[in-house]
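The structures come next, written out as structure tokens.
One chain, chain A, links the two complexes that follow: it is found with chain B in the first and with chain C in the second.
== the complex of A and B ==
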């Protein structure tokens, strides 16, 4: 019986995963506080990423600080963010924001290359905002000039 | 016994694991037959046997090759481009590329390199591009120098490098790009830059290295193509350090996430002591903006002040008399006159894209810019009820005007009379209010390209495009026509020199047979994303050899009489149409198969009917529409029975007739 366990363990270890699908990535907590909880899950079949928000409050301060760690799958001379906000299954907000452009690289990481391990801790230009009570689904996608995915996240925002 | 069975099971499971790995070998995708392959993210531990020996371009990122040696790529001797990004490579042993004469690009980004053998890069006759980004390099002696004589670009970003000084025997004669982004270089000395002296027209990138000091005289009489010091805390250190240098393009911008000192006029003094053609100061704050701020910019031809928090430029600025190109994108102007255009009499290019406030064009604000060729005012919330003669007064030389993505503009007849030389006019996504029968573009005798996509035009105005004798390229994407149809007489009949016409996303249901009459020069027609049926093809009967895009329409059957019109064109896209794959459409399907070379988007050209063929590619459909054996059998039986019935009824009739005799 013990041998079987060893065999199963060996199987589990040797079975290649991550390369092209398989199980979904785990759900992580980006921030959790009294009245706000932000959960996210990578929707890129090839890799997970790390993300956290420094101040976690339903009263979002302007230019909140985030931390973000990922391995770049693509060059990011040009990088765009698409955000879709849904509540109870219906879309309430859609926008696209250029993060890096050739004529305006907004952040110091613009121009980094495919394969670089990339960590960003700093501000994002967000407005001052109070999140109304409720549960929201947020879909975020980062992609480059060729529309190749750099990162993809399914997030849940629970505000009580 | 039990442990033995478990052992056997383990072996079986292990071998299953292995077969999974080997079966993945098959999954490299062919990008160009026998030449280019992509094997990214396959967890491969070696070069798959399935790759042909003729492979020239190999993308092999995110696999697993801890050690690379002379046997690793020995079979692929024709390699030109090899991407080994993030393959967990630790060791590059001797003579890996010994027989790879043609190899010109090697990418080793993101590998935890421990050691590269002296001869590890030997072999290629002309190794031009080497990427060693984020490979943990702290000492430049780490890079084997033996075969780098032909190197044109060396990428060393995101390492632990503290000095740009190349080893004494490092060949730099052909080097054009040397990239040190995001390292820990804080000091530049004379000896450092002296090590690059053999390179000519070098572009040196020190972005993200916060330079703290430069030894005096370091750049004395040095010539560079591009120098990038992006994200430096104190720009004056750079400008002082570049004394007596000649630089084509100097990038000194900063970023949202970078701390930097506000720019004062004193800090820019260093520019008086050097020669520079183009300078970028994006995202800086100016502490004391005055007419004297730019006094050292005398020789400058190009100035980029993107997002520098400007709400105006003072009048009487000295030093920008010879400026040719000024970029003021993403600033906070209220009025176009606030840039005080008289400061820049030589300007040929002016960009004011994405102003953060609603920009009022005022009147005659740019009239002193007699030489202006190119003007970009897109994405700036511009609104005007009567545009654009007063606003763009005296821009007699203007050739390129971009007013796309703005608020509604009202245009009268001859709205661009002040810029008669216009060649390209972009008004995409700006709502245009034009009263019938005004002709706003009248007298633009040189206009070649006009983008009117999503302008909410009144397309019933027959005179809308009048007076454009040279117009070659017209984009009307996303505009609507009355009743979804283009009638015989329409606004296109005045633009007879048209070559490219885009009518995608116009909700079209039909096009009259004579709608494109008179447009004899067209060679590119995009009618995709409408609701057109096969009959609209008739409108193209007089055109030959064109590119025709009919993707995403409602075409199901194309009658026989229209096939010659398709046959005379050079490329046709019929993808995403609900095509009929029954015998009613057999002529078209036969034509389709005979003309596969002309067709674009074959993978997405599929049947919608009959239900059992839905989603099948049209090129794979096999229909036989002659009479079937069963059909012939039933017809014979039917005829036979009919004959018998006829004979019997004839007999009966005769009998009945002669009965009475």
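== the complex of A and C ==
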């Protein structure tokens, strides 16, 4: 009993503010099919999020349907997506895409506020091509007009 | 177990003590601005913290499980201006919860699952201007207790479950309301009586957003005679017929701006036809925007018959076939075509159009001339257009153009210098590919231009007159271009009004001393991301208005700005971060100057050393002067030491023989020998003996006493007797001056042979040979003995050059000194000691 008290106290001293970050978020599966597997892990210290891809195929179609859900920690009057594609540690593709612009809100979630739920189920534009065999790292980051991270993910694409 | 319990006994008070030790009393919150702004987002607070200063104006308590707001919850913070309670799981807000917050202007309640709002929940908020009540389970506006908030300007109740469009009576109090967001609710029907209260508000200037409500019905005349600033209806209708009747229901509305359309991810309409917009004829609209209708086509002019009298039209993300058929008598002053699909660049011709925005459109590759005689504002950016001959009045059909944006396009060939476009004030080409921009004075006629951006246009500046004519220019951006030889020449000569200059990422390595001489009003110069190796302050010295000089991200090792008076002005801020500073003593004065004038630098902590390796990554501020002083003294002391040693060596060499005298004894010579050396020479060589040998040896230091026949032989005695008595007997050494004549002279040979015999008999003297001149070998062979001796012994050779003679005399002196007892006593001593030394061995 006393040993338990000591352990508890030691833990309390080591974690004075009750965690908050520290451990990495678990790895989730966005989609899995015979020859393609997409795994992701949130790299935002504040929160994990849900994400899935409807069609899981090596052959990318021009419109793939995704589902994405998060509770916003920031306002998103403007929203930008940065994508970095890495293979074996070296970057091979890098692009930035404006999702929400102030004057012309393209999506219904543009302009949502901190604390609001953000759920998107719908198509995203993608180039039409077949993913070559291999393992790829994709870094995705959504950030707002103040460069505050809205969501961030380390995804692994395994194509066999 | 006993020790464990004792440990617990120690830890409990220690923990209590540590918790008191925390210096930041506002924990777990973060102080953003002391006493003003505090951030407590997601820190597991179950109640309002009481350790935040009462002077706080900005408090963020979002993402904490507060759950329940009792009355007077915030009485500790009477100065609050902004209060963020997003997603605090608040279910109950009691009466007077915000009482006392008389200065609060913004209250955010987003994402709280509110179940009970007491009627006096918002009482006391006498200055509230903005209330965000998004996603709070609000079922209707009727029971929302905000009727007394007369100062309210913005009310956001989007993403709730409001299903009635009924504006409650209390809206007549909200006379300052400017913005009401009702989007993403469940309003289906809008009746005339619902909006009745809005007619009671004098000077109503309301913007109303009803997007994402699936509207089925709008009662005719519901909006009749209502005046709004802006009405937004996006993704509201799920069939074209409903849309048509609803737009007809808007009849009689006077609205400054009407927005119709859908969102990319919220498509409801499958088809679209021109009759849907017929109802617009009964509205009074100034500006009209249509956005994201997938099937919308402007093919038929009839669609726009009702819109002929509008002042501004904006079409976003539509499929527009062509605009050529639009009649010229339309009174549009502004036309925006953004992200639309065109089969070709529209060739327009409108008399009234003043503003034309044509950006981010697809399938319109080549610029085609148009005729817009009133045009003042033209934005053609982000189209990927190629432009074969830019730019003149003929291209746009106007002489009034003030604003021209051609950024983010394809190749633009500069072939004329803006003839007829002299009114231009703003000109932007950035990220387009400019051709021939540096071939002639392209901008010569643009004397009114204020802003010019040619950043990242692939321009290679070779022609120094490129900016001639731009006498009014205030802002020039030319980042990401190239200069010949990576050298910035004197190209800004006529830009006397320039205040801002961006030269970043131009691969510059050097800057002309006179580059900025003609820019007396310049305030900001950006030279970052170049390849400058040092910062020379000379070109900036006369710029008295300069406020910011940015040289970050270069390769600067050091600078010559040590003297403050050489800085252009006291207000100048220097940005020298991310350079390759060499923190070595060579640049000590610069580094010292940085330390003393820290305030001059932007982020001085980011100025880090690149060399030497032990300072790498450290701030230049950590450079210690003492290291230099240390090494300086070390260097100077060692230099002095080396000099002294050298001097001593030189002196020792020079006064070697004086020192020998001093070290030995005051007196020298003595013993049985009167002379130091007997000189054997041919009378033919007497000149040399007299002028060189005698002079050097007898008058030098130490003075030697030579035995010379012409001086020292006693007259009346036979020569041979003299030779033996005076010469050999009284001399320690014999100097033989060998020359051609010496070998030929019998006397000389005689003397030499006696010398040899003498040397054999007495051990005290040695023979020193001096070869005065080369003797023929055949001649020398006649004297076999001499020949052998010369072959076996070291001899001195007289040379004609100065150095050779110097060495000759030193060697001769040394030879003469050898075996010479310095004083009789010393000589006796050594004689006495030698046997002892031997004995001791």
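The definition used in the following text is that the second predicted complex is superposed on the first by the 140 of 160 C-alpha atoms of A that agree within 3 Å, B and C clash if a C-alpha of one lies under 4 Å from a C-alpha of the other, contacts with A are read in each partner's own complex, and residues count from 1 in each chain.
As a convention for this text, contacts are C-beta pairs under 8 Å (C-beta built on N, C-alpha and C of every residue); 3 or more make two chains touch, one makes a residue touch a chain.
Nothing here was measured: the structure is a model prediction, and the numbers come from that model.
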item	value
Touching partner for A:134 - first (chain B), second (chain C), both, neither	neither
First, second, both or neither for A:106, with chain B first and chain C second	both
Contacts of A:71 with chain B and chain C, given as first, second, both or neither	both
Chain B versus chain C as contact partner of A:115, first or second or both or neither	both
Chain B versus chain C as contact partner of A:46, first or second or both or neither	both
Chain B/chain C common contact set on chain A	2-3, 6, 10, 20, 46, 71, 104-108, 112-117, 120, 122-123
Sites on chain C touched by chain A in the complex	1, 4-5, 7-8, 11-12, 15, 18, 27-28, 41-44, 62-63, 84, 86-87, 108, 110-111, 132, 134-135, 156, 159, 184, 211-212, 234-235, 263-266, 291-292, 316-317, 338-339
Residue ranges of chain B touching chain A (in the complex, touch as defined)	2-3, 5-7, 9-10, 13-14, 16-17, 20-21, 24, 27, 41-43, 61-62, 85-86, 107, 109-110, 131, 133-134, 155, 157-158, 181-182, 207-208, 230-231, 253, 255-258, 282-283, 306-307, 327, 329-330
Parts of chain A lying in touch with chain B, wherever the complex brings them together	1-4, 6-8, 10-11, 14-16, 19-20, 46, 71, 103-108, 110-117, 120, 122-123, 125
Residues of chain A that touch chain C when the two form their complex	2-3, 5-6, 9-10, 12-13, 17-18, 20, 46, 71, 73, 104-109, 112-117, 120, 122-123
